[in-house]
Every structure is written in C-alpha cells, then in structure tokens.
C-alpha cells in the first residue's frame, strides 16, 4: 500500500481549506462493501441522503448529487439553465470566481466579469447597477461565489438577491457554496437562490468525489428551455428517479455511505452550532494573525470567512518556502496562494471536522514556521488565539 | 450508521455485473485519510495510478482519470473529439449502446444506429459497408461497446478496426470498455482504438466514482479541432498537469488510493491470468445454464462474455420475481434485464474480485432460486459447472 | 502491509471451526480510535457489552470479559473456584477436553478423566456413576465441553446437571462453550451451570482475543474459598468495577467495540433464529457428507454439532494433503484433525457469520477437492445439501 | 454502532499515557479479515512479528507474545521463574510498582518492598544494600519498573544490574517496560535483564490486548525449576511452536496484524530517532510546566520520563475537576492521579504516535483548562514549549 505520510510519527495536520480532515466515522462508513445500486437497500440510502442534503442546503426543493468534483457542479448549474451565447454576470472575487468564469466561457457563454481586488466580497451595488442598466434583460444569470476559497472572503448573498429583486430583473441567481456549505450559514431557499453549487470535501467532511446542485422552481422551469448540450449533468434524468432514491447512472455508492454519516454528524451537532463553531475558530485565527503583526487578506470585516483565513506575507518573503518548511518540519499542509496570489499568501483552513486544540496545534505550527523561516513577525499569536477562544462564543456541546 | 444488509447473517453475494465485490484491501486503502491534492505525496500517487492505468489499458499513450461515473467518460470521449452536428456511427448491441446513442444525440450529434438483436456483437461487415458507403467521410467516429453489460455479448474490436482500415476511413474508433477492462483482454494501442472509455466499478474492483479515457495520438490531435463545448471533461487541462501527477480540479483522492491498490492486485495476478480466470468462470457458468436447460442470451459463441452471463427466462416466467426471491432468500443480487430485456433475463456477474467457490455459491443460489420460484429447469447446473472447473484452464496461481 | 492472501483473486473461505469469518461491520467497529479506558464513554461501552454478554449466555448473573484467548478462560474457571490438589472430573470428548485436562493438571489439580472415543459426547450416566461413587464429595468440579471443536460432537449439558442433582453432589459444573456460544442453544442459568467458559472467535464472530466466564452464585461463593493462586484471572477484581463498566486493568478496548457490534447483530437476528440457522446448515452439510459416501465423525445423531462437521477420510487417504490441495486450489481453509485424529479427519466450520450460499461454495470446494485429490467418493454432495436447504427449516429473516 | 465521542466535531486528543493514539495505518491493518492461525500465511506473520519484537526489545533472545493485557505479562514473568514462597525484592516507585507487588503477593510470593516517595526512581544503592545483606541468596528476583506510568519517573536499569553484579547476587532481574518500550531507550540484552515485561498500547501504538515477555537464557533455565502453577502463561508451550511462527493456543490474530504494521513504522523512523523524539517532546512539556509555575512530580532530572509528564496541582485545587473540564470543553483525555496521587496530579502522555503540533494542541488545552478552572498559574506554557521545540534536538526526518 502506498505510504501516504512521509513523516514518521503523528497525525498529519491537513489545514488546507479543503479537502478537510475526514472524520474516522465517515472513513469507516465509506469502507463498507459496495451494494447493488438498483436494489432496495440502495433506494433507502439514496432517499436518506437526498433528504439530508435538503436540510443542509436549507431548502425544501430538489438537490442533485453528482459523482463528480465541484467543478462538475459548476458546469451542471450552467448547462442546465443556459443556452449557447447567453449572457452571465459574474464577479471577480478571486481565483475560483475566475475559474468559474473561464469555464462559462468555454461552454460558449458571454461573461461580464465585474473586476475585483480579491480582498473584498461581491459589491452588491455594482451588481445592482449592472442589472438596472440591463433593461433588455439580456443577462440570463448572475453567478456569485459565497465563500472565496482562494481569499477567505465571503459575499453577501441576500444583498445580491435584493439587487435582483430591486431591479426587477429575471436573471437567475447561481451561487457557489463549495467551501461554505456545512460551515457557514447558507440558506438556499430563504435567500432566493436559483442554483446552489457545492462539493463534498469541505464542510461536509467527505473525501472529494461528490458534488451538488440545489435547485429552485424557477431554475427547474428554465431547464426546460436551456439549450446548452447536456447529458451527464442533466437534472431531468436525475429527478426522474431520485424520488425513489435511485440515480440514472451508477452513483458513487461508497461516498454516499460517507455522506449519510456526515449528514448524521451535522444533525447531531446542529447546523447553527456548526456555524457558530466556525465563526469562533475564525475569530481566534484572526486574533493570532493580528498578534503576529501580519495582515489578513480580507479587507472587509463583514467578509471575513469563518471557513479559512488567508494571510498576506510581508514584502520580500514568499509564502511557498514557508509552507514547504511547515510541511517538512511540522507535517502540516497549508493552502497555497492561487493565481495572482501565488506565493504571496498562505491559507489556513479551519473548517470541517475541527476543534479548539486542533486549531491551537495549527496556529502553533504557523507561528513556529514563521520563526524558523525567518519571516518578520511578533510571537504571541497562539496566546492571542487562546485568549479569544476563552471569551468567544463557547463551543457547541 | 446505515445498516446496509437486511440479511441477518453472512456475506452478501454481489453478483450483478458491476459494481462488483470490492476486495478488502481496496476498501481499506480507500479508508485512509484524505491528503492535500497539491502536495508532494499526492503527486507520487497521481503519477503511479496514471502509469498503472496505461498498463491496464495496454497503451503507452495518455489515460485520463475523471472523478465521475462511466457515463461521464462516454460524454468525455465525444465532447473532446467531435463538433456539433457531427455524424457518428454506432451499433445497437444492447441497452448500454442505446444509452450511449441517446447521450450522443443529446449532445447534438447525428447518430446512425446500426440495428441489432441484443444477442450478437457488432457486425463488422455492416460497419465496413457503412464506412465504404460514406465516401464523403461524413462519419466522424465509430462507437462500439466492447462488452455489452446488458447482454453478456462481446464485440470484435480488431474486426471493427480492420473495417475502418480496409475502407481507408478516417473516422475515429471509440470503444466502451466499461465492463471489460481488467476482465477481458483489451488492447487500446495494439487494436488501434482512438478513445477507450472505462469505469472503476467492474474489473478494476473499485467502488463506482472514477472513469477513464485512454487516448490515441489521433484522438488528441482531433481534440484541437473539436467544437462541442467542454470544460470539466477537457483532456487538455488534464494533460497539462498529469505528468506531475496532479489534476486540474480536485480529484477523488480516496478512490485513487483504491485504484492504486487495485492496480497492484492486477499486476500481482498478471493481466493474462486475470483474463484466463474470467474465461474459465464464464465457461463454467454457461455449463450450468446449459445443464439447467436454459438459454444463454448470447447467440454467438465468439461473443460469449467472460465477464457476465445473461440467461433467458422460459416463456411465462419473469426474471424479476426470481431475482427478488434470490435476493430475499439467499442474499444474492443478480443483474436485472434492462430496456427491452426487462424481466426477460437475469444477468450473472462473474467478474472482478472472484474465485471458484464464490462462483459455486453463486450458481447454487441461482439453482436453488429456480427451484423455489418454480421456474422450469433441470437440476445439475452446479454439478456441471464444477465438472467444467475441474477440466478448464486451471486458475492462476 | 503484510499481504495476507496468497491467492490473487476472490475472498478467502475461512471454514475452519474458528476463528470464523468476521463480519465487515465488526471489523469496522474494531477499526475505531482507541479511547480512554477510564473515561465516561468507556464506561458506557463496558456496561453495554457486559449486559449484552449476559443475554448471549442466557443468564442474569455476572459475566467476566478477559483480554485473553479461550485457554485463559479455561484457566480462570479453575483458579477462581478450586484449590491446589482439588479433584475434578473431566470427560474425554476430544482434543480440547484433553487440553483442558492437561491445563488442570498443570495447575496442580487431580483429574479423573473419563475415557471417550472422540465420537460421542459426554456419557451422563458415567458421570452420574462417578458422582454417586464419590460419597465423600471429594470431587470439587465436573468439567465438560459443550461442543467439542475437535470432533463436531456436542454433549448434553442438562443431562450432566441432572446427574449432579440426582446424586445430590455439591461439585460445581464447569462448561466449555467456546465453539457453541452464539451458535448452539446454550443456557447458563436455566441449565444450572456454575462456570461457562467461552471465547470471541467463534459464534461471536469476532477476532480472537477476548474470552469469558459466566458465573453462578455458587461459583462466586466458592471463589471466596478457592486457594489456587490467582491475580490476572481473579473474578473479584473484575466484579468490583464491572458494574460501572470498567475493568481492573487495561481491557482490549477495540475488540470490545467489535463485541458491541456483534451483540447488536445477534440481537437483530435473534438468538433462536441464530441457533436454527446453524442447525439447518449442519443438516445440509451432513447430507453432503452422506451423499459423498463419507462418514461423519460423530456417531450419535443427538450429538451432531450445529457448528461444525468433522468428516472421516477413507482408509489410506490423508486429510492433510486434501486440505492443502483445497487451500492451494480453492483458497479455502478447513480445520485439521487434532491430536489422535491428525490427518484422519477434516473439519468444516459452518458457524458464525454465514449463509446458504457460503455453505454451498464451501461444500463445492470440498467436493471438487475430493475429486482433485483422488479421494474415493460419490459426487452429488452439493446437490444433496441444496435439496436439504430447500426443505429444512427456512432461514431466519 | 456505539457513538464513541460525545464531542460533535474534531479529533479527540487521547493524551493519557496509554492507550495512546493508534495510527490509522495500524487500525487499518487490524481491520483485515482474520485468517487461519494454523495456516501458512499465519506462520509468516508470526515469524515476522516475533523477529520484530526482538528488535524492539533489543535482544537476540526469545520474546513471548500473549493475547493479554500488561498485567498478564507481569504475572507471566513471575509464574515462569518463581516458586511458591519465593522472596522477591521490589521497589515502590509508584502505583504500578505497588500493583505488581500486590499481584506477586497474591501469587504467594514474599515481597520485600523498598519504600519510595513516588517522585524518584529506584534507588540502586538501596537495592545494592539489600542484595549485599542477603548473603543466603534468599532473594530470587529483583523487580523494577523502568518507567512508572503513574508518576512519570524512570529508573536506572543498568544501575540495578550493576548492583546485582557487584553483589555477585544470582537473583533474576525482572523489569516492567510497559510504558517505556518503543518510547524510551531500553536494551533487554545489553542491560542484562532476565525478563522484560511489556504491553501493546503505549509506545507500540497498538490498542491494548497484547503483552510481552522478553527472556534471558538464565530466565529460561530458571523456568525449568519454577514451581508456581502455570499453563496459559507457560513460556515452554510458546517456545515449542514459536519458531515456526505459531502459538500454542489461538492468538489475537488481528492485533498481530497491527503489531506487524507498528513494527514497520518503528523501523522506518528508527529506534534512536523514536527515543530522541520522545525526549524532545518531554523537554518541551516540562518547559511548559515550568512556565506555568507548576511543579513536575518527578524530583530527579535524571528520572524525567520521556513518555509522560505528571504535574502536581497547587494546594487546594483538585486535578480531577480540571481533567473533567478539559475533557468536556476541549475533548482531551489526560491521565488521572492513581493511588495516593488521586486528584493531586494530572498526567500528560506524549508518547507513541505523536508530533510537535499535537503536543502544542495538548499543551494549549492544558493551559486553557488551567485558566478556565481557575487554577493559579502563569500563562506562557505553550510559548515556552514552542521555544524549546525550536532549539531542542530536531525532529527525526
């Protein structure tokens, strides 16, 4: 068997902002024999995970589960609702927004990409302006990333919804919740989102390999007219058999076992408690960054991500040598800077299956790494984090 | 945790023609902590599984690994090589050929579908005729299913290649190897296939969730002109980073652990020995069917599938009640009749992680089921199978 | 990791009469992180498994769980109730009775060993005679093996109890239930047994490593006077903390996880159904042996073991070459002849986590093995077994 | 399945000084199907683990593996070498030395128990004096605990050996290495130990359930005369079959799988590197304790345990409420005070599968716990530990 950890001793700290640390319970659930995906037991499994995902998306409407990565669910959201040449409005919140835009363009869509500095969330006022200016209702969809995994900045989805409503604009609202679902409060139905896109390997605490679309009535109706070619991603084939718990092609059965277990864990903790836990750990992390005298990438306190924190390196110091040193010496993986932030930031994931002491170990690793790499900083980050943990919203019990 | 087997005792016999019984070693490999898909250990894993899959496809050319079901790899083969309105020649070998056709049409391709009776493989002469008739070289691709999982009939891929060559026709040859790869001798390169499509849950002994394209040089060149919209499936993004063992979006890491282990198992047994084992078990199964006085669906001995055997029910007896009885009483899942064969056949999977005694248990279950369901048959199937096992090609050691 | 199966493909058939095939659910339960054996969660686990084992032994009295093999529980039964030089009455039912006797002698006990032919259970009349003759009540304990794993013969425990009662003899009744508990009806309390000895790796479907004593009030009282030196095995230390679910020294925590799961499985199936299942499989196995024209070792139909069947080899044919051939060719482990039965019998285990099709595979392996090894026999064993399965007591549902 | 962690999220910190955190690799190894303990594959497994354990004990002589807890291996060491009424010299290093003494007395041995204050290791001069005074050579064995798990104090075994040698005394030297083996340098052969006693659940990183005796030639010879009754523990039965890799009664097969993997991990890291890692983590832990202004229980710097650190509570503050608070709030298990130290100390385990960041998380949990519980202390423990980690012997790579 492949030796997966070059470090001789102790548990790896997987503190990238996803894939996250998979709970033992979920791994063991996945490690059960595969069953007949057309048999009665599978039907039960299918119905339960589909119902559970509605809870997690906070919607009564349908959720689609794909055997695919999150990128596939991005594609699915677009091909099910749009036609070749359709105009979509997107906002440059960071690397993943940029990738989604590129994907849309490769599918033959026209994209208006509102520029951003990668340090703020979506500017709802700008969206509103663009929509008001679009009197012809040329824009078919507005696509927004709820939590930019590349920057640690969240966007205000209800504000974007309000922009659409205020403009009386019929465009669909498509939201990427890949790194927010199961970590940050997200309400597909109450917030009036038309398609929510997500993946398994973040707040859902699963390995990668499943992705999701939650769908509104309007999106479903739009799917009837959409003319982008689609087959694998087609919602209609899914919905035709999902009510009995089945799938139109072979599903990723063992990952669905894990999903069943992960949903049970989220239910047991309680979604509000899960969200509070993430906020608390993010607060403590920012306290550490501040104590180190370093800068959080996100410039808008309202946009601080509860799921991850991106930290700017001081001028003249690369993030990648620091990350390599921390991996080599402390057996911790941190997220790299992506796209134009390459080597300029590192990202601390504090989402998923996580707790106070793992956070402390994580921050201690960063602090020791900063020292060992000769990165200018003040010590005391871990102490500041501990102080914050002591007074912040108490952990869910 | 979901109780996955309603039977109180003993191991389930998963004898559908896939997903197949996953070896304990593979399940345990999957049950390892997820790692950073951008870290050095992942690169090693990625390189090793990509190299291993070339061995399994018997090619020196590139293999693409998707976090997706086999249906996705069908779609990938088409969207990477074809343009809207392109003409493809397909052959109706059974339900899966029919589904692939439907998928092609939904992607906007024009399909000529050579009719078939679901009891024979592809008629290479008919293909040849169609190609010769196509003087304008309108046909862009010929799509064939190597082993029709819905019927237990294989098609002669070298004969189809010869038809193309003899006609001097430039169409690409696309072959579905979903239920043959790792079970039935299949040679992507030597047979001159342009795109081979496969999945993880059959001869590769993995849970579903991974699928594959093996690609020829010509297919790669064609991908540069192909204009069907594509993003998730785009080979070029994959190939750009695969050489270092990475993937352009988050891969299904834990299933890749399993793939690594499954490749090691196939290597340890030896591909020729794996293929011989499957032939031997298929022979013994057909001996049982013959002894029962029942009819194997496949009418052409050259097309008998080493991976599964489909058995026709006597007139007036439904296959589905028999399958239900066998599931309820003997805790064995058999494959159902699909499409127009619904309720008329049952399919015995004898592929993947399998051995003589599991085959005997399987055939005993069918024989006891036939008796209990009152299906007219002669006893002695299991005895005939055992006799055949005694003289057939000995098992690999 | 050690490669545990030299066979390249398929699941090993572990048909020795123990250790038995461990269910995936139990293995996965064992594969959970070890916890603090003095913490609150452990207490809950401990209380639940201790209560569950009382159900399995069919007693309201205490059950002791040792981190040890069954041999340890034999020793525990003796050292907790007897003093140096005490006289115990034992019966030679086979190899394990002989080993228990040897163990008793090594502990300094005087053993009267009623001779037996290894083909019958205990002769209760002989026991009765010995007890009646012992007017001085010199005999301190009667030790009997309920199911002789070396021979496949059960003994009538209520008859032995009656012999004690009829003789008005105060000797304790100690019973080895190692290969009967969880497979064959056994009632510690109703049958008036004083100490029942058992192990984890048979009907309890666990790996080896746990063993048990179920204890009567009388045995407990006797423990106060017993003077054989004891520490590790001392019931009193156990009982002092077991009520809170704890143990006096570090318990085998992970095996206890498995025990928790195994108890849940036995409860779900129901003990009467478990016992009926074993009887049915034993019947079918004997039908096969009879059809082969071979001889079941057990000569008394009342003593036929529901858990295993020992088969005598024809004169001039060794059992061990047959077993080796079956292991090499069919990847099945059968039990060897022990002690004076070495090479003269093979033993088929049909206990634990088992079902009809696994039995059929097992018997097919034996039948093919007999043929391949040139052992004189008639074919048709598997057919006879299938016929019996069709009419015998239906499987538990 | 039993829910084993009441905490809703994140990995439990099991920082008792054993059972320790079991590596995923070891758990997965244990989660493999049980095999025939008399088959050829088992023989290979048995030979490899027996050879591996000789490396771990640093001896060329035999090692015995029991399916039992460490307490059983204590008993085994005594019953194999001593006779009823024999005189043994023991030293009161703490709770476990006291328990071993009690066990010896219950086996009928006469114990001279050199008193100790539970804050120092064995006083070799006192041992020497006792041996010199014993001109009649009445003392049959000297029993010493290498690393007192209850106090975090190690004893100087070579000094005890020297005391025996200097006195020309023939008593055997028996050493408990339960919490030192695989964590602290220990040399059975070079140090002239006669019987070394150990267990699986500490430095060997396994669940509890296996224990060990390493044996000198002299001890083996003594076993021929020893007259304490023994059967389960008898070395001779073990040695008679161990050379082929088998055991005289059913071994704990699945735990042996884990042992095989754990030995491979120790080999990969290297024993000297393992020992250095433990020393380094102990140093950092003591730096934290000192920074808190608390007192390490061990009063002799030469006796500081590399495996665990026991911390004295300030007067008027109980350790158990602190431990409970830390368990409830931070999901970390710390070791309790045992025997006369009950509620007066807590013990931090830093042994086994462990690394820098887990240590930091652990110490952060203690520091936050001290604050939350209102225990007088200075902050800065974690900072002191990090500073020490930065300069101490670098981690093994």
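In order of appearance the chains are A, B, C and D, and numbering begins at 1 in each one.
Simple rule for what comes next: contacts are C-beta pairs under 8 Å (C-beta built on N, C-alpha and C of every residue); 3 or more make two chains touch, one makes a residue touch a chain.
Predicted model only: the values in this text are computed from it and were never measured.
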Remark   = When each step joins two chains that touch, the fewest steps from chain B to chain D total 1
Query = More C-beta pairs touching across which pair, A-B or A-D?
reply = A-B
Query = Residue numbers at the chain B-chain C interface: does the shared fraction exceed half, giving same, or fall under half, giving different?
reply = same
Query = Roughly how many whole angstrom separate the Cα centroids of chain C and chain D?
reply = 34
Note = dist(centroid_CA(chain A), centroid_CA(chain D)) in Å evaluates to 45
Query = What is the distance in Å between the mean C-alpha positions of chain A and chain B?
reply = 34
Ask   = So which stretches of chain B touch two or more other chains?
value = 1, 11, 21, 24-25, 28, 31-33
Ask   = Hey, which residues of chain B end up touching chain D in the complex?
value = 1, 24-25, 28, 31-33
Task = Would you tell me which residues of chain C are touching chain D in their complex?
result = 1-2, 4-6, 11-12, 14, 16, 18-22, 25, 27-41, 44-45, 48, 66-72, 75, 84, 102-103, 106-108, 199, 201, 207-209, 228-232, 234, 248-255, 257, 260-261, 327, 333, 336
Query = Within the complex, which stretch of chain C touches chain B?
reply = 7-11, 13, 21, 23-24, 31, 265, 268-270, 273-274, 277, 328-332, 353-362, 364-365, 367-368, 371-372, 379-380, 382-383, 386, 389-390, 395-397
